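What follows is a short report on a single structure.
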């Protein structure tokens, strides 16, 4: 809750990424003012909060499929208990948090997708190398037709995800975030799905080794699985795509009347 | 069997497309010479055979999922019984049938894929219109979340198939048929799969009407299902893609040594 | 529309199964009384209508994926234009059509599922025989690992569909139609899905021959595809299952409190 | 390598389950004699090795998707370097390791499947509870049709996996391990697949919370994913099922001649 005083006062329990590293000096908190009469898109503010502000407490680290991601500081449950910061810590202005978030969501989402595709390429490389090294039932794994078809399906999935991502990126560049919304939602669904499929095949080809830290596959899987929820779960994006498709179909229909 | 005489003499039982229309005046027969010692790629010849040549018999029409495709003359079982034509009816030259076929397969396959994508657009249009007209359980079909998500998944499938087809087409144009082989195989797998999925969803939304001739959906489905076999079944293309992927991965690996 | 007069008078346009055979002497028409104030479950009546009653018109046969099913008389569009029959033609009683329909839906649906499983066995038999006869790339089709895995997946799908159908049948026998509703909905979704998958694999193994009348596969596919809509589309059954599952989970939860 | 001396001497690098707990006093090592001329099914022996035998070294713990499973002692890389134990530590007899393993594989696999189904029930319970507690876009999650259909699909998958497991168990009980091989392979493929699907849906419904230790879902997923590899990867089981199906189909065919 954000109170409009000479200073900002609020409290909240959040899951924060990177909070566990000593390099983390400030948090950007997105707070909603429950007392405002502003429209639902103007109730949120983003506020810079130094981590040593009284009332900020790191409660516990949270794992993702067992990984704590210590290198990046991990996910932490953080409580903000009557935290008070100067008004000047507001980013952009009061009630403009949603606007800031929207501005970065298109580029942020496509950034995740691009990295997904890179991860998928790594996984497919590992799959192919392993399939060339290991033998079962008297022949190399890639001579097993089923494994070969996995390789083909993985390449197809990656190519299709890459092309759609490039199209979305081109729309962002040339038409802007808003006009690219449908394409961004499409890749946000497609890219994690493609990479999860590739990693899953790679794990299966690597056998038990694929689960442990000798390969990056299991950790990649864990991280990529979060992308089906982070920045909007698949289901919200599918509903967005459907809505926009129906509008476009209706427009075309009217144009023919 | 092709005998090298002053004339060409052969026999065969074939399934021929379009043979049932009176406009069909000639067949192009691909015949293999069983007596040749030529390499396996130089044993086939293509021969123009007028349909009124003695020994050419239309045996019976063949349906595809119950459709006889009368408009295009339909598929026919045709027997060639000791058929004899002048040597000048040979296309390009003896033993060059495989070469001719290879030359047209890339463009032929992409042509099928392009039409698939057009068909998928038609099916999605029908799906959306029907979902906007019909009501069940008190709301329009497109307000059913499951139907909405089908619409989204269909659009995603079409976009991805289209982009990969455009990439393959661009490769054919700029790099040639041979260099585009992997991309052509990829779309040959992807495009029929995408369109079949879209048509299947559209049928489900149209209900029983979707099966009959009041909508083009069932006939489109029948035709598109043949594309998973025609010009090489999916499985052959997947094996081709896998082989080329493994070669490329091996090349990259060596480049890093 | 059903008018309550000394006789029954109604009109409607329907799609009727079997109407095209001369053996078809009567239709059972399910008519809804638009003027009644009865509850929504008591607005429908079933009426025996001799096909030679004035006002009954066979408009046209309707194909299902191109098949007209002449043997069983086919599907017909039938118009009922101010058709008048004696009140004694009412089945069971006015407003009891829904009750009659409900009584037969459980057994009717399971009957379809049982036949689906039989069809799936036929298709798998054809698949295995063909895979044992044909050779590609120098080995029998069933030595292609991908085809072998299709065979395994088909057997798995059939076994699972059969066991669930047997469970549903046992529930109907021992607990009655109503108590078996969830199981019946489950097999109504599962059985057509399983058989369509098996037929699709069988077609792919048979190649182009699988589409034509030399094999029963394409016609079986067409018929089985209608089962995903007939007697309630998959989506309605899935919603029913979910509702009952949620009720049971809630009951268990309360039992633990 | 096993040497036949007054004592057994061997060396090996293994991945051992449970090796990290102080309660682990002995390992059962399956060793292959490379010098034997015995048939391939009689080259392995099982040997009891006290963990404090000289030459036994715990190298490092191995994680599974980030989990170290400390409670059960975890997976460890263990080296056996010229380890020497009395001949009396041989289980059953020299060269009978394969026989011992085969004897327990049927019951062992079905045991995994039974626990999978239990895990799937837990995951579905969590899914339903969460879907009843949380709201998005103004309605409870289970009122979102897509979530409702997940619940239905999960129930269907669990029911089918359970029935097939019961059938396999009944075959083991009444016909013995060997006669139940096909059914055991079928559930070994089906059960992990079903439970992974249910857990994945449950995670998606729980959102980011589903990944962390506040729910058992992510850890269950990690463990269940290993079952697609442990005790024979899916692909080996599918090949086994196909082989047995083809034999049965061939037998039936001959019976009809």
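Labels for the chains are A, B, C and D, by order of writing; each one numbers its residues from 1.
In the analysis below, a contact is a pair of C-beta atoms (placed from the backbone, for glycine too) under 8 Å apart; a residue touches a chain by one contact, two chains touch by 3 or more.
Since the structure is predicted, the reported quantities are computational estimates derived from the model, not experimental observations.
Among the remaining chains, those touching subunit C as well as subunit D are A, B. The chain with its Cα centre farthest from the Cα centre of subunit C is A. By the residue-number overlap criterion, the interface of subunit A with subunit B counts as same, with over half of its numbers used by both chains. Across A-C and B-C, the chain pair carrying more C-beta contacts is B-C.
Taking each chain's centre as the average of its CA atoms, subunit A and subunit C sit 43 Å apart.
In this assembly, the C-alpha centroid of subunit A lies 39 Å from the C-alpha centroid of subunit B.
Each chain gets a centre from the mean of its Cα atoms; for subunit B and subunit C, those two points are 32 Å apart. Touching two or more other chains at once are residues 144-146, 149, 235, 238 of subunit A.
Residues of subunit C touching subunit D in their complex: 124-125, 128-129, 131-132, 142, 145, 148-149, 151-153, 155-156, 159-161, 163-164, 167, 186, 189-190, 235, 237-243, 245-246, 249-250, 252-253. By the touch rule above, subunit A contacts subunit C in their complex via residues 144-146, 149.
The part of subunit A that touches subunit D in the complex is made up of residues 15, 62-68, 75, 144, 146-147, 203-204, 207-208, 210-214, 218-219, 221-222, 225-226, 228-230, 233-235, 238.
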